[in-house]
Structures are given as C-alpha cells and as structure tokens.
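One structure is given here, and the rest of the page talks about it.
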Amino acid sequence: MHGNLKLNSPLLDKSRQIIGKWYAQGDQANGVDRKVVYHFQPGSIHELLHAFGFHVVFPEMNSIHSAVKKLSIEYIHHGDTLGFDQDICGYVRNDMGLMGGPAKGKSPFGTIPPPDLLVLNQTGCFTYAKWFESLARMYGCPLVMLDIPYTRNEELNASDKKYIAGQIEDLIKVLEEVSGKKFDIDILIESLGHTRDAIDLYLKLLDIPKARPTPVDGYFEITSFMGPITVSRGTVDCVDYYRETIEGIEKRASEGRSPFGDENFRLVFDGPPPWPSLKEFREMFHKHGAVGVAGTYSRVTCDYEGMETDASQPFDFLVDLASRSYFNWNIEKRRNFIHKLAKEFDADGIVFHSVKSCKPYSIGMLDSRNYFASQTSIPVLFLDSDIADPRFFSNSQIRERVDTFMESVASRNLRMKSTG
Amino acid sequence: MYTCGLDIGARSTKAIVLEDSERVAGRGKGLTGYKPAESAEQAMEEALKSAGIKKDSLQAIASTGYARKVITEGTQFTTIGAHAAGAWRSFPGTKNVLVVSALTHAAIRLDENGQVHQFRMNDECSTGVGRYLERVAKTLEIPLDEIGQLALFSKDPQPVPSNCSVLAENELLNLISREVKPADILRGIYDALAERLVGLLKQVWDENSGVTLTGGVARNPGMIKAIEDIMGVNLNVDHDAEFAGAIGAAILAGKTEKKETEEVAA
Amino acid sequence: MLACGIDVGSTATKAVIIDGNRVVQGRGRVNSGANLSRAARHAFLEACREAQCHEYDVTYILGTGFGRSNIPFSHSQATGTTCHARGAIFRYPETRTILDIGGQDTVAIRINEHGEVLDFCINDKCDAGNGRFIESVADLLNLSLSNIGELSLKADKKLEMANVCSVTGEVEIINYLEKGQDVEDIIAGIFATVADRASSLVRRIGIEEEVTLSGGVTANRGMVKALEEKLGVHINCGVDGVYIGAHGAALIALEKAEYTPGGW
Amino acid sequence: MSDTEVEYYPGGEVLPGSYRELSSWKEKNPGGKIIGCYPLYTPVELVHAAGILPATIAGAGQGIHYDHSRGSLEGFICSIGRSTLELNLDGALDSLDGIVFPSICEIARGHSGIWARQRPECPVFYFNFPQNLKSPHSREFLQTEFIRFREFLEEISSSKISDESINESIKMYNDIRKRIEVLNGRRCKSPAQYSASNLYSIRQIGLLKTPEEFASLLKQEVLKPLEEMKSEPAYRLMMIGAFCARPPMELLKTIENLGFAIVWDDLLLGQRWFESLIPTDGDPIENLTGHYLKNSVMSSVAHHAPDELEEFIRTEFGKNCADAILLSPAKFCHPAKADFTWIQRICKEQKIPYITIEYEENMSDFSMIESQFETFLEAREPSPLINSNSGGGN
C-alpha cells in the first residue's frame, strides 16, 4: 500500500489562510474605499496595481475555486443560460455564471466585488480579451489592454519588450486616473523587492523534487502551493509563506519520511490539473506510487527561472513578469523545456494533460507527445479532460489510461534493469 | 373530416388519424429502421385500421420528423412546427414546449396564438437523449419502458455529469464498476439530462407559462420527475405526448386543406 | 495446473482457462450487463464447464478489462493493454502491432518480441465508443450485428461519416436514409469511418508488421476488410479474437502461479 | 498585365485537388516561389512584391478525411486547423516554400509550431499583429513585424524587395478589394440576380491564383450583365461568423434554395480586410502599418471595445436592409462564439430575428440546418397556423 498524501498539511493551511485573507479583502473592497481591478494571472503585474491601492481580482481564480469546491457545474449552467456556448472556455462560462447569474458574485468561498477597471493583460490566450470584453459589457467599466506578443523564438525580441514597456507606461496613466492617486515608484520598488525574494524561494521549492525520493510532489502538491505567489506576490506574507513551506518540506525530508511510500515512478506533467476532479486524478497516480516531480503548470503565471531583473530596474522587472508565462511560449520552446525537466528531474515518463477549455495550453500537446514517443525513449501518456467543466472528466477512461501507462512503464523499467 | 399526420423520426415512426382536427381516431407506430418509407406506410395502415377507415377517406396527409422527405404524398412540416401545433392542441395556451426525441431535442416558445415565436435546437455535442436512454437500458439489462419508473425509487442519486452521450456512457460504466444501484444511476442520468434540457428551455422560455413536454421521451416518468424537480413546476404531459408531432402534422394538414378549399371556393 | 484469465469488458466478459502447457482448455463469454461480478462468475463457470474442471481446480485467476476490480474471486489484475499484448504475441509470435477495438475504447499497442508494451495510444475522448458505435448503428437500422458485416461486403460505394462523434454520426445516417441511399453503402461507410479512426491511432504509434486485431469486431468480416484497406497491410485475425485479452490474462496468471511457491 | 480568361474551379470551390494547381504553376514558372498564407489577413502585398505567389491556405472543403492529422491535433480543433495539417501531411502543400500564420487565434498560433516540426524544410513565419490597436506603441511594434516579414521574404526569394514594388503590389490589391466591394454592392442591391454563392465561388478562385489573374477575373465579373431576375428572396440575411474556415458551398446553396438571400457576409474576410484604399505613395511599410491599425475590418479575431460591436451590427444591418441575422460560427471557433453571446443579446434587444447554425468544412449533413430555416419560415410566413409577425428567432 502506498502512503496517502495528506494534503491537509499545515503547509496548505497557511496557503489557504493567505487566499482567505485575499478573498476577505475582496469582500471589504466596495469600490469606494478601495477600488477593484480585474487582472489575469499569466503575466500578472499586480504589484503595479497594488501600488495604487487597488484590490486585484483574478477571474481564473474564481473559476478554479468554484471547480475545487465542486460548484463549477452550477455556475456553468448559469453561464449557459446567459448564452455562452459550450465551445467557449469553461473558466469563462463559470465566471460569467458566477458573476452574471443569480449568485451575483457571492460564493461560498468569498464575495467577488464588481470591477472598477479591467486590466486586460493578454498573454497567450485570445479568449482573455473576450472574457474582459464581456465583463466590460456587464459592468460598464473601462477596459485597458496590455498586449503581450507571442514568444516566437527563444526569447522575446527588443521590439516586443519595447511595446510592452510602452503599454505599461500608458497603463500607469489610466491607473492614476481611476484610483485618483499619483504613481509612487517607491511603493512599487518595495513591493517588487518582496517579489524578488518570493521568486527566489519559489524557484528553490520547484527544485526540491530533484531529490530521490522527493519529499514533495512536484505537480500535485506544488500546484496547491501556488496560490500565494499568484495572488500575494509582492508582500511579506508571501515571502514568509515560501520560507516556511521550504522549511516544512526540509523537515519532512530530514525525518526521512516520504509522503508517498515507495516512489515507484517519477513523472513530469504538462498541462493544468483537472480542477473539478483533482483528488481523483491525483489518486490515480499515487496509488501506483507515481509522484509528480515537475510540471509546466507551476510556470504558467511566469517562468521565473533564469530571470535576472529585480526591483532595482522596476520597469524591466515588470516587463519580464508580464511576458514570461509558459503558455505564451512557442511549441518548440515548450517541448525543449519539457525535455529539460524530464532530464533534470530524472523522470520515468511525461504525462500530457490536454484540456478542452484551454486551447493555448493544449494545442500542440498531442504533437509533442508524438515527438517524445518517436524521437526519445521517454514513455509518454496523453490524457484529456477539462479545467472547469466536470462533465469532461471521464473517470473510467482516464483511470484505464493511467493504469495501462504505469504498467507499461513498470515493465519497461524492469526490462532496462535486466538489460543493464 | 379525417386527416393523417406522419412523424418519421430517427428511431420510430408514428402515424395519427385525426377526426375534425381534434379527436385522435387512430394511432400507428413502428421502428423507422433503414426503410423509412415502408415504415411510414405500415404505421399509416395501422392508424387507419385502428380508426376503422380506408385511406381514401383521408382529406389530407402531412408528414414531419427527421426523415419526412421520404414521403412524397401530402405536405410537409418541420418537427418544431408540428410539435408546437400538437402541444397547443393538448394544452391550449401553453407558451413553452420541450421536445425530446431519440436524436434531437428542442425548446420552443409559442406566442398567444400558438405560433412559434422562438426556438432553440440542441447543440451538436448534446445530441441523442433518447438514443442514450435506450443504450442505458440495454447496458443495465432493464426494459426501456421500465427505467423511468425505476429511477423514482432512487434513494441516493449518483451524479452522471455529462453533456455528451459518449462520455456519459463511459460514466455509466464507471458507476456500474463501482456497483452503484441501477435506480441511483438512472436518477443521476435523468437529473443530468434534465439540466441539459432545462438549460436549453431557459434560453427561450416564458416563465409565467406552463411547460409542455412532447416527443418520444416525454412519457418517461423518470424524465418528467427530474425536470419537475429542477423547475419546481408540474409539466403538461399528454398521454399522446409521443404522438405530438404526428398529431400536429395532422392538424396542420387539415388547416392547409381547409385554406386551399376556401381558396378554390373563392 | 490450470490458470484462468477473465476479461471484463464494457460489452462482454470473456474467460479463458489454460493448462500448464499453455493449451486452452475452456472458454466462456457472457454479456457484461450491469452486474460485473456476476458476469465474471458466469463467464468463469462457463469456461470451467468447457474445460471439464471444477472451479477449485483453477490455481490462479487474473482479471483484466475495465471491470477487472469487480472480480472478487480473482487473485490479481492487469490492464487490458498488457494482457492483449501477451495474448497476441502468444498466438502470433511475429506480431508487433496490436489493434484492440473494444466497446468503450480503441487501443493501438506497439510491442517487442517478448510481448512487452513499448507504446500505446487510446482514442480521443471525442472518438470514443467505436465498438459500441457499430452495435448502436445496427440497432438503429434494426439489423442484427451479425448481419451488418456481411451486408457491407455488398456495397457499391462507401458513404463515410464526416463526424468524429459517434452520436452525431447517427444523425448523418438518418440523413443518408432520407436521401434514399442504400443501407449497404451506409454500413460500408461506417466501417470505413471506424477503420479510419483506428488506423490513425495505429499510425500514431507507427505500423510495424504483423498487425493483430482483437476484440469483438474480429468476427465482423466487413470491418476487418475495411481495416486492411485503410492500413494497407494484412491483419492477423481469428474469429475468436475476442478472447485475446482473456487469453493473455490466463498466460500471465499461469506465470504468476508458477512463480508463487505453493500456488498463490 | 493583360486580362486573361480565367478558368473556374469545378463547382467554384477549393478542394484538396485544387492545390495541385500550385505545382503546375511552379512548372510553368521555373524558379517561382510560393508562400502559404493561413487565413485571415496576411500582408500579401509584401509577398507579391517579393515576386512570390501568395497562396491562401483555405482548407479543403467537403470530401477530406482527417486520416493523418487526427493523430496530431486534439479533439477540440476546428476544421480549418485540421484540414491544413491534413493537406500538409498528405503532400498537397509540398510546393510551398514557406508559410505565414497571422495571429488570429490559438489554433493558428499553435499550428505554426506544429508546422515547424512537421515540415522543417518549409520555413514558418508567425505574424504577430498587435491586439492593442489603440495603443500609440503598437505602430512601432507592427512596423517592426512588417520589416521582419520583409526580411523573411527576402531570404526566401534571395533578393531585396524595393519600396516601389511594394507600392505597385498595394495598388494591385487595392484594385482587387475595390472590385470585390463593387460585386458585394451588386449582390446586396439585387440578390435575386446576383447571389452570395455565386460571389463566393468567384472569390474562391482568387485564393490560389496570382493577383493579376484574380483581378482580371473580377473585372470580367464586374462587366458581366446581371442574370435574369429570379423570384425575390423572402428574407435578406446578414451572415456573420464564417470569416475563417470556409463553409461548404452546399451550405449557402441550401439556404438560398429555401428562399433566403445572403446580402452581407464575412466569408473569406482576408480578401477584403481593408474597406478603404491603402495609400500607394511614400513609405509602403508605414502605410501598411497605419492602415492596418486604423482601417482593418471588424472581426472577432481582434480586440474591440465592447460598444464597437454593437455599433457595427446596428449599422451594417440597417445599411444592407437585412431582415435577419444568420450567426454561423465554425464548430469550435471560440472567438466567433464568444462574440455571438453578445450579438444574440443585441438581436434580442433590437428585436432582430436571428438564426444560429454551426458548420464544418467537410460537413455533409445539412438536414438540421435546413430544418431550422424551414421552421424559421413556417414561423413567419402566412402559413396555416400563423397570422401575425414576430420577432426573435433561434
């Protein structure tokens, strides 16, 4: 029997506290004392928005929490009633159903205040624009766009960065207008200082699963540690959180107990988790003693690895934060990165989880799967379900695929052992 | 005056002989199979026989349903138009009609004259409610006309959340392998289907008026209960709900006939 | 010594009993229905009857297929893919590619000379239910499953489905009927469509001869022909191809029984 | 360039076999190069100026089977994505010397990466049009994209592209757009004599021909007398949403045969991306940049302020004297579908009747669609049951 990972660990409680605090701020922000900005997580530059005293709402977060709390289907039904077609991203249908349906933004996990401003940082996902256009119609509030070009080559080129920087400058003017506050660069710099500290710790956290056996699941567990860096990056709380998390994991390691019993397989995951069925999904792997060692999802807000900027060059730092989301990368860059993860984390296989809702993340996965299957000796598994709509998670189908995969990896490992 | 309405659906073919555009004089029904024209002929014969009349006593014939174009005789009406007319006959004043058939379903909003005001048909990915129920019955090894009743005995409904019948069938297998009771599986299935149907209905409906259910699935008690539970209102379901399309076609046939006669007279 | 493999599939449950020399002694096949453990038991008893043995004579029982965990009397389980690989290589030692068209899923498997799984590919979510699709079409057209295979061989042309989805595929069928198309051509088109989906899975893992077909469709001549046309290779296919998974399971069961001192 | 008689494709549709024309073009033009252009707008002006034939990759219509591509594309991908890869893997696009994907959606973008792996010898350019059209900074950014593209083309043609030749090409394409506009106007004015399907089939010819040939074809068409008057259409439709993947000709014909006229559409939108003429003097790159930012047509693939969509629907609906709106997104086309949520709402508010259908390039079953239109007619025409007119629709 494999050890059952207890996700109700103190580490997670702390993360919940931070998220809870953030929702509570949302409850209090009523648009008068504290204005509300909506902003997307990938390529988020919420430090800049915080510098004007805005409360920042991430609409994807609404949908993720709805899904985890098994509420998404209800909200999606309301979204359907509003006329959102089922080919549209489930996050959007969920959020629209939550905000525009009878709940009017009130949910069991917190009240989502209506926006005073929409800062549309469009990176990687075209649906983002439609999402905010819909919100702008619903609330009649201003929308300002921050368009992030696609990472067509290895890195963004100079003209891309200049374009982003220029738009950030323009954004500051809008923020001043809406908030009624002058831009204070010192506030931004202070907050970005905390950001840099949190980033360094976060990167350290992502590296821990290189250990064999790993004391932390680099996909399922770290995914649940992502909350704080996503919503509260730029605060002392966030820095403390990652320091304590790493300490907690190190303690776990020093006590020599692995949360997973035998570590039979080490897997790299590409794709976001199926939020509505997260627990079932996790158990399908853990029952085989298969742990996640790394994933691309932990880089979806921003790939901090190799990022050299810091608070001393606040604008360059913002440009980096805005433009380094994993899912704004071209397919080749993603493929190389996954390959690198598989090597560095000594993985036994790669799992691709394609989701119908998130086309920018999922397109190319099947092609990459074929690449790894034909050009490398790393075993690969392709699964598909959804991030928001539980109706697309076919339990028996996915379980069968995972079982089969683990069996074939086991026999492959055995074969490799016997042939040396 | 006798008129005949034929509803050649994807799964079954229904025929109705209507007397004076009101009273159902005869019914006929059979599987459509791969020879829809022959099936229609047989259903009509059965209906004529049960009405006790000969074909030449018919003033008009009209057809509707998926494969209506195989009928060369008489006039043709769309499924929605026919069901609207059939529903209006059974429940005059009804503004909302939900048609649930083997392959398609639709929500229709009628105006105060019983005329189609708005309608929504199922999207591609939620096709096949009736066919799905058939396969569920087959998989569970329970006769099709009993599954609806059985669902009412559920004490612990198990959600079968899927818009898509293919995925829902996989989910069904999952529940079977978890050894869930058939009644609980069925109730879960009906709840999921009902959500799908109500979602469609809400896009067009008039909430101040009753809802009429027609089509091949309409007489299924499990389906009716699940929709009623979600909507919190009682549904109008005629005992001929399955024949609503054929009845509607027969009514429309009569009206066309009448109008033409008037035109000739004028 | 006797060992048994039981393959609890979404449509049918199959059991195969072999002796210590790996010779098949008995087989059983029943519908899976809604009670999988009952189906497994019935298939097992049927196989025992054919093997003329008592159920207690069977040393080791291994379950496979989607309902493999619903066999309370089995000693262990393995997934369908592994069992199909073992069953296929035993019957056809030169086979390197297996295509298993099941009720719920279609799986393409690439194996090595030892019958070990090198790569496998399962149909897309949206492409699901190929075996059941054929069954469902037969039902829709009011034809028997055994008839449609033969009927398709009489087709003049193939009316392929544009739809990926088996449910909307039925809408297309009705449309063809309405247009007065021949049922033979429609069925031939359906087989070509299913073959098309299946062959694209095989291509994804790379076709290496010989190719072995397993699952209930092996008894369907029209379907086999359509597959051979699409893949452009000969396909190993016996009428009892439906037992390959159970057979593989029995082979693994025998090994386990032999390796476990004093039986299991 | 002299006006030449141009042959029509059989049935006026681009089909898998149509791409063979590209190889025969190469045989007739030794040393000639061809660049594939994914829909919608790509700077064909630059391609033409480089002496390269810009061939629009416009899918494969009915009758294609996704034999090869299915294994590389997920289930939720639209038909143009699938057919493009299928044509590529099947060898139909072997004559291309390069391909350009504009930034219209995730599928086009992801496809650029898949293409790069599948066809390493055929260079890919991803043209990142800015989404923030209102920003003063997008001008410089877009200009750089144009320059990068120019360099990409110069590499392929192994020669420099002069400003003069670009200006000449702009003239050529201005001319094409102007003539399409004329034909569109004619169709709107007398749809009974000049149908949308007719125009659609002519415009498809332009997808794989040289602009010279296309321009001359359009000229012939403009000079052609109108057909005999058919019976007046019962309803005038404004068809929105089929701007990218090509709906099958049979779809349009099915609708027209039921007595509807399509008086406005966004079919093959890339061909008429600009409704006004691009200046043909001065710095062509600056002109193209400025024109793109200011004068691109309304479409679902770019970000627009919410009220612009409302304004657009209201104006075009009135201007074209339409009776109803036909919302026709391609299956899985989420940019179109996201906008349609709101267009439907506008229709409801404005009491504009509308019908929603979904299409795929290779669809063969039109019965559902037919049935919707018939119901629409039944509900409105003075048929037995019906005697008053009503708003709404499907």
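When the chains are written out, they are named A, B, C and D in that same order, and each has its own residue count from 1.
One rule holds for everything that comes next: a residue touches a chain if its C-beta (ideal position, glycine included) is under 8 Å from a C-beta of that chain, and two chains touch if they have at least 3 such contacts.
Small disclaimer: the values here were computed from a predicted structure and weren't measured.
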item: Shared chain contacts [subunit C and subunit D, defined touch]; value: A, B
item: Third chains touching both subunit C and subunit B; value: A, D
item: Chain pair with the most C-beta contacts; value: A-D
item: Of all other chains, the one whose Cα centre sits farthest from subunit B; value: A
item: Intercentroid distance (Cα basis), subunit B paired with subunit A, Å; value: 46
item: Inter-centroid spacing, subunit D versus subunit A (mean Cα positions, whole Å); value: 35
item: Distance between chain centroids, defined by C-alpha means - subunit A, subunit C (Å); value: 40
item: Junction residues of subunit A - those touching two or more other chains; value: 83, 85, 370, 384, 392, 394, 396-397
item: Subunit C, residues touching no fewer than two other chains; value: 66, 104, 121, 124-126, 128, 171, 174, 178, 204
item: Residue list for subunit D, restricted to those that touch at least two other chains; value: 71, 74-76, 331, 367-368
item: Category of the chain touch graph - line, ring, star, complete, other; value: complete
item: Subunit B-facing residues of subunit D, complex; value: 331, 358, 367-368, 371-372, 374-375, 378-379, 383-388, 390-394
item: Contact footprint of subunit C on subunit B as seen in their complex; value: 10-11, 31-34, 36, 66-70, 103-104, 124-125, 127-128, 131-132, 134-135, 138-142, 164-167, 169-170, 173, 176-177, 179, 182
item: Complex contact set, residues of subunit A against subunit C; value: 370, 373-374, 379, 382, 384-385, 392, 394, 396-397, 400-401, 403-405, 407-408, 411-412, 415
item: Subunit D residues within the subunit C interface of the complex; value: 62, 65-68, 70-71, 74-76, 360, 362-365, 367-368
item: Residue ranges of subunit A touching subunit B (in the complex, touch as defined); value: 73, 77, 80-81, 83, 85-86, 390-392, 394-397
